[in-house]
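Chains: A, B, C and D, in written order; residue numbering restarts at 1 for each.
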Amino acid sequence: MDLTFNESESAFRDELRDWIKANHPGEEPAGEDEGYAFRRDWQRQLYKAGWAAVHWPTEYGGRDATLVEAAIFNEELARARAPFPANVLGLLLAGPTLMTWGTDEQRQRYLDPIMSGDEIWCQGFSEPEAGSDLASLKSKAVRDGDDWLVTGQKVWTSGAQYSKWCMLVARTDFDAPKHKGLTYFILDMEQEGVEIRPLRQITGDSEFNELFLENARIPAENVVGGAGNGWTVALTTLMNERAGLAFGLQVGMTVALDELTEQLAAAGKLDDPMIADELGALRIKCEILRLTAYRGLTATMKYGQPGPEGSLTKWMWSQGNQELMQFATKALGPQALTGSSTWGRAMLRSRGNSIEGGTTEVLKNIIAERVLGLPRKK
Amino acid sequence: MNFDFTEDQHEIKRTARELLAKRSGPEQVREAAEGEAYDMSLFVELRKLGWTGIAIDEQYGGAGLGVVELMILCEELGYALAASPFLANALGGLMIEHAGSDDQRAKWLPGIASGEATATVAFASGGTAQVVPDADGAAVIVLIEGDEATLIARDDAQVEPLITIDPTRRYARVSASGGEPLPGDVASALARAEVALSAEMVGIAQRTQEMAIEYAKERKQFDTPIGAFQAISHRCAQMLFDTEGARSATYFGGWAADADESQLAFAAAIAKAAASEAALSVTASSIQVHGGIGFTWEADVHWFFKRAQLDATMLGGTGKQRARVTQLTAASLATAGAA
Amino acid sequence: MDLTFNESESAFRDELRDWIKANHPGEEPAGEDEGYAFRRDWQRQLYKAGWAAVHWPTEYGGRDATLVEAAIFNEELARARAPFPANVLGLLLAGPTLMTWGTDEQRQRYLDPIMSGDEIWCQGFSEPEAGSDLASLKSKAVRDGDDWLVTGQKVWTSGAQYSKWCMLVARTDFDAPKHKGLTYFILDMEQEGVEIRPLRQITGDSEFNELFLENARIPAENVVGGAGNGWTVALTTLMNERAGLAFGLQVGMTVALDELTEQLAAAGKLDDPMIADELGALRIKCEILRLTAYRGLTATMKYGQPGPEGSLTKWMWSQGNQELMQFATKALGPQALTGSSTWGRAMLRSRGNSIEGGTTEVLKNIIAERVLGLPRKK
Amino acid sequence: MNFDFTEDQHEIKRTARELLAKRSGPEQVREAAEGEAYDMSLFVELRKLGWTGIAIDEQYGGAGLGVVELMILCEELGYALAASPFLANALGGLMIEHAGSDDQRAKWLPGIASGEATATVAFASGGTAQVVPDADGAAVIVLIEGDEATLIARDDAQVEPLITIDPTRRYARVSASGGEPLPGDVASALARAEVALSAEMVGIAQRTQEMAIEYAKERKQFDTPIGAFQAISHRCAQMLFDTEGARSATYFGGWAADADESQLAFAAAIAKAAASEAALSVTASSIQVHGGIGFTWEADVHWFFKRAQLDATMLGGTGKQRARVTQLTAASLATAGAA
C-alpha cells in the first residue's frame, strides 16, 4: 500500500503543474458562448502541448497515461482552478468508445479532431420517456438506401449547440426484445433534420438541450459496433462516463469544501461547535470519496475492474455534494441565497447530482443486483 | 380536546383553496416569478376580501380573528405559492399588534389591515438585516435584534432590493439606525410570527408532496408506474410523515397563540423547526421523484423548493429552535421537580 | 380547536389521578413472574374500582370512555409510573374484537374475566414463515366432529405462559385464495396440544413465546365471526392494536425523554450545544408524536376514522424511540451501556420497535397504497 | 499510488479469515458470550502464531511489522467477533511502543508481544476510566487523560469488573492515582490505536452486511425473496456504502501510521468517525433486515450490534473526531494560504 505518487506519477504531476502554471488561461469569461469559446481555446492549447487526452494511447495522440495519472490530470486542473477542456464528452466518452468499437476508418477520421477540439461531440441517449430505463428508448432509425433516417426526441444533450457530432442510440429493429434492436450511430449535427432547443434548468442556466430529429440522415458507415449492437456499445460509453467523471467531481467537491472552510474561518464561525461538527462530517465524506475513488483505480489497474467500492463513488459524490451545498447556504446565512453569492446557485445545481448520470435509485438497484447479488426486482 | 378546525375555519380553508386555485395557479406563479414582479391585482383581491386584516383587532379595521385563521390562510398561500407581500405584511402586523404601544398600533395597524401600507419583519445584526421579504414596498419595517424589536418607517431605512434564488418573492437588504422600540412582549409577538411563517411552509410541503404523488402515479419506467417502486413509494410516505408532523406542530402553535400563551414559546419553536425541515426535505424529495423533469425550469416544483430555502432561514434557523426547545423543557422539568 | 381537556375530560382525569394517588401499588418487583403477578393484582384493583376497561361500553362493564379519555387513562398511568394492567391484550384487542364479531354467548362468557384479569389472553397471529405477510400463515385447523383440531406454530406470543385463551388465526380452507380460508378461533391454552417455549430477545428477556400446536382442540362455538372470515376479524384486532397501543407508547417515550433530560441536566451536560441540539430535536419528535396522536383521535371521534396522520404514529414512535435510546447511551457515556444503567437494555429493546406490530417497511407500504393511493407493488 | 495490500498482507488476511472461521465460528462466539468468559485456548493459539506481537519491534520479541498488518488482523477478528483480549492488548501495546520510554518499552512490550502479560488502554477522567476492555486480566493499563497518558501496573489500580451489554468482551472500571507518565508522543500513539480499533469495526460492519444479504436472498415474504424489495435491497446497498467508506478511511489510517506520520492525526480521526458510524448503522440495519428473527437471542447478529456499541464509544466518540477533523483541516488550509 502506497498512497503517495510513485516516481513516474510525481514526474507527470510536476511536469503538468509547471505547464499549467505557465499556461493558465485566467478566469473563464461570463456568458455561456464566451465560456465555451474560452474552454475550446484552452483545449487547443492543451492539445498543442500534448495534454488534451493524456489517458488515450500514444498511437491516437494520447500519453498512454495510467488511471492514476489521468486522476492527477483532473486533480491538478481543479486545484489550479483551470477550466476543463470544452470537448469533455468527446475526450472521455466518444473517443474511448470508438477505440473499442470503431472501425479503423472511424478512428482515423474522428479521434484527432476530438482531441484538438475542432469537432465537438455530444451524447444522444436519454429520451423523455426513457430516463432511468434507457433500453426503452423510442427514437427510430430506418434504412433509406445506403443511409439511415432517424426520427425521435432526445433530452439532456449537453453542448449540442456547439457539437459537430452526436453519439446517438436509436431503435433499428422493432421486433427484437427491448435491449436488442438498438444501434449506435455517429450523427452529423449540421443538417436540416436536427433541431436543438435549450433545456433550462432550475438554476436558470441551460447546460442541456432537447434534440428533435426528423428524418435526420446518417450514412451506413457511421454505425458503430454493428447494427443491433447499440445497447452493448452504449454500455461502454456509460462505463467510461462513470469511471472518468467521478474523479473530476471528487476534486470539485474538495475545492468547494476548502473554499467553504476558508469562508467560515474568515467569518469566525469555526468556533461554533455545531458548525465545526457538520463541517467535520462533510470533510470526512469528502475524504472517503477521494480515498474510495483511488481504491477503485488501484483495483482496476491491478485486476482489470474496480471492486465493490467502484460502484459507490457517484453516489458518494452526489450525496456529499448536495449535503455540502445545503450546509453552506445554511452556515453562511441567508446572504448565501442572494445574487451576490455563488453558493445559492451551486446549491440549486447540486439537486441535479442525484439524477444526472443515473439516478441514485437506479445506482442502488445496480449495486444490489450486480455487486451484492440480490435478486432482481420483478 | 378537539384537534380540528371549527366549521367556520374549515370554510375559510375551502374558500382560500378555491380562490387561490383560480387566482394563483401554476401559470400565474410562473409569470410572477419569471417577471420578478407580483401580480398586484391578486394582492388587491386579498385585501378586498379582508385577508390582510384577518388577525388584526377590529378597532384597527381588522376582522379580529385569531392566529389560527391567519395560519389557515398562510398555509393555503404557501400551497398555492402565491406571489404577494401577504406573509411579510402579516408577520409585521403580528409584531406591532402584540408588542407595539397603543400609539404604534393606532398608527400602523389600519394600513396593515387594509393592506394599503404594509409591514415586514426580519432579524438584524448591527442595524442591518441581510434579507428582508417585501421591504421595498413596505410602509414600516420591524427589525429584531437580540431581545429587542425596533419599528422603522420605510423612509428612515436604507432599502436595497436583492436578487435571491427565490423569484416568487421580493427581498431587500435593510439598514437603519434609530427607530422606535416596540415596548411590549417581543418574544410572544415573534412566536406568533413564527407560527404564521411555519404555516406557509406546511402548505409548501403539502403541495410538493401531492405533486410528487401525482407524478409517481403517472410516470412509467420499466413498464411500471414509478410509484410502485418502494424507492419512490417509501419516499412519498416519508413526505407524508414530514408534512403531517409539521402540520401537527404548527396547528399546536396556532392554538397556543390564541388560547394558551403559556405554551406559545415552546409550540412556536417546534413549529418553526418542524416546518422548516419538512419544507426543505419534502421539496428536495419531490424534485428527486420528478427525476430529470424535476430539474428543469419548466416543471413547477423548483419554485416551491426555492421559496422553502428562504422561508427556512427567516426568523432564525432550526438550530436556534432546537436549543430553545431544550432550554424551555429543562426549565419546565426543573419547575415541576421543584414543585 | 381546543387542545385542553373539556370539563368532562378534566373531571375524568382528576378522578383518575386522585384514585391512582390513593391506590398506587408502588414499584414493580423484579422477576418476570413476580412482575406479572403484581400487574395482575393491580388489574384486579382497577377492576374493582371500575377503571380496568374505561374504553369499553358500560353494558360490558366499561365506562364508555371517549378516545380522549382512554388516552388520558394511559397518560395518567404512565405519568404516575403506575404499571399497566396485566391483561393488556385482552383489554385492548380480544375484548373489542369480541364486541364487534363475537356472539352474545361469547361476550357473556369472556368479557368479564378479561376485565377482571381472571383470564389472561394472548394473540396467535404471527408465524415463523409469515411475518410481515400475515395472510400466508400455515397453521391448519381441520374439523373433527363438532370440534376443530389445530396444528402449527406461532411466534411472538407475549404472555402465553400466563394465558387462559389465545386469539388464534388458522387456515381452514386450503383451496381458497390466500386471504380467504382463514378462521379466527378462541383457543384454550390449558390443554395437551399446546406447548409454549419462551423466545429470548436480544435483551436477554423473554417477553415473547413460541407456540407449538399439535391437534389442539377447539370447540365449534369458539369460532369468532364465522369460518373463513378470519382475515377480516383479525384486521379488527390489528386496527385496535394500532390505535390503542400508540397512545401508551407515546407517553412512554415522553417519560423516558423527561428522565434523560433530567439526568443530563444533573450531569451539567445541557450546556454542551451538541447535546442541547440533539435533545431539542428529540423533544420536537416526541411532541409531534403526541400531537399527531391527538389529531388522529379527534378525526376518529368526528369522522369515524383517523385522517392520513393516523397511519403515522407507530412509525413516528418507533423511529423516535430508537433515536432517543441511541442518543441516551451516547450522551450519558459508556456507563450507560453497563449493568448499572437501565439505558443500555432499553436501547437494545428499542431495536424491536421498528419490527414488532408491523415492520416500518410494511407500514410504509400500507401508507403508500392505502393513504397515498400509489399503485400496489407487483 | 497503490491502494491495495501487498501479497504478504493479502496472505495474512486469508490466513486469519480461515483460521478464525474454524476457531471463532458463531457457536464459539455464542459459547463465550453466554458463558461470559473467553475461550483462552483461542488466545493462546493467536499468541503462538505471533499475532499479539505483529506490530511490535523485533527487539521486544515482536514480528516488527506495521500498523497495516495489525489492522488486517483486527478487521478479521472483528469479522469473526473473536472473544479474546487481543484488541485491548494491541491498543495498549501501541501506546507503550509509540509513546513510552525505552525503559517502559523494555519492561512491558515483551509480555505484550508474547501475550503473556497483556495491556489495555482507555480514556479516564479524574483518575477513573469507566469502561475499560480487558483490564481485569491485564498486566498493565494505560490511562489517557487530556493530552497525557499514564502507565499503571495492574496491581496499582483498582479494577472492578463490569457487566455491559456486550458479553463478547470483558470490561472493568479502573481507578488509579499515580502511575508513570508516557513521555513520548501520546497523540500519535493514540492515533495508531484508533486505527486498530476502527479496523475491528470495519470487520463487524462487513460481517453483518454479509449476514443481511445472505438472509435477504433466502427469506421469502409475499412469495418473493425479501432482497428483491427495494426497501431491503437499497438498505443493503447502504450497508455496502457505509462499510466500504469506513474501510477506505481505516486503510488510509493504517498506511499513514506506517508511512506518513504527517497525515496520521487526520487519517485516524476520519477512520474512527467513519468506522464507528458504519458499525453502528450497519449492525442496526442488519437486525432490521432480519426482522423478528434478528431481534431474538438465537440469531447471531445481536452480538455484533452489542460489540459495535461499546467499540464506538472507546477512545472518544464521533463528535470528538469531527471537531478534530475541522481543526486539522482549518489549520492546514491556513498554512497553505499563508505559504
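By our rule, a contact is a pair of C-beta atoms (placed from the backbone, for glycine too) under 8 Å apart; a residue touches a chain by one contact, two chains touch by 3 or more.
Just so it is clear, the model here is predicted, and its values are computed rather than measured.
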Fill in: Chain pair with the higher count of C-beta pairs in contact (B-D, A-B)
A-B
Worksheet item: From the centre of chain C, which chain's CA centre is farthest?
Response: A
Worksheet item: chain A to chain C: how many Å between their CA centres?
Response: 53
Worksheet item: CA centre of chain B versus CA centre of chain C: separation in Å?
Response: 39
Fill in: Separation of mean Cα positions, chain D and chain B [Å, integer]
49
Item to complete: Would you mind listing the residues of chain B that make contact with two or more other chains?
Response: 229-232, 234, 319
Discussion item. At least two partner chains per residue is the criterion; list those residues in chain A.
Written reply: 273-274, 277, 361, 364-365, 377-378
Worksheet entry | Residues on chain C engaged by chain D in the complex (per definition of touch) | 126, 129-133, 136, 155-156, 199-202, 204, 274, 322, 326, 329-330, 333-335, 337-340, 344-345, 347-348, 351-352, 354-356, 359-361, 364-365, 377
Worksheet item: For the complex, which residues does chain C have touching chain B?
Response: 1-6, 9, 68, 258, 261-262, 265, 270, 273, 276-281, 283-285, 287-288, 291-292, 294-295, 297-299, 302, 308-309, 312, 315-316, 361, 363-365, 367-369, 371-378
Worksheet item: In their complex, what parts of chain D are in touch with chain B?
Response: 229-231, 234
Worksheet, complete the sentence: Listed in rising order, the residues of chain D that touch chain A in the complex are 1-6, 9, 68, 213, 216-217, 224-225, 227-230, 232-234, 236-238, 240-241, 244-249, 251-252, 254-256, 259-260, 270, 273-274, 319, 321-327, 329-330, 333-334, 337
Worksheet, complete the sentence: The chain C residues in contact with chain A across the complex are 272-274, 277, 378
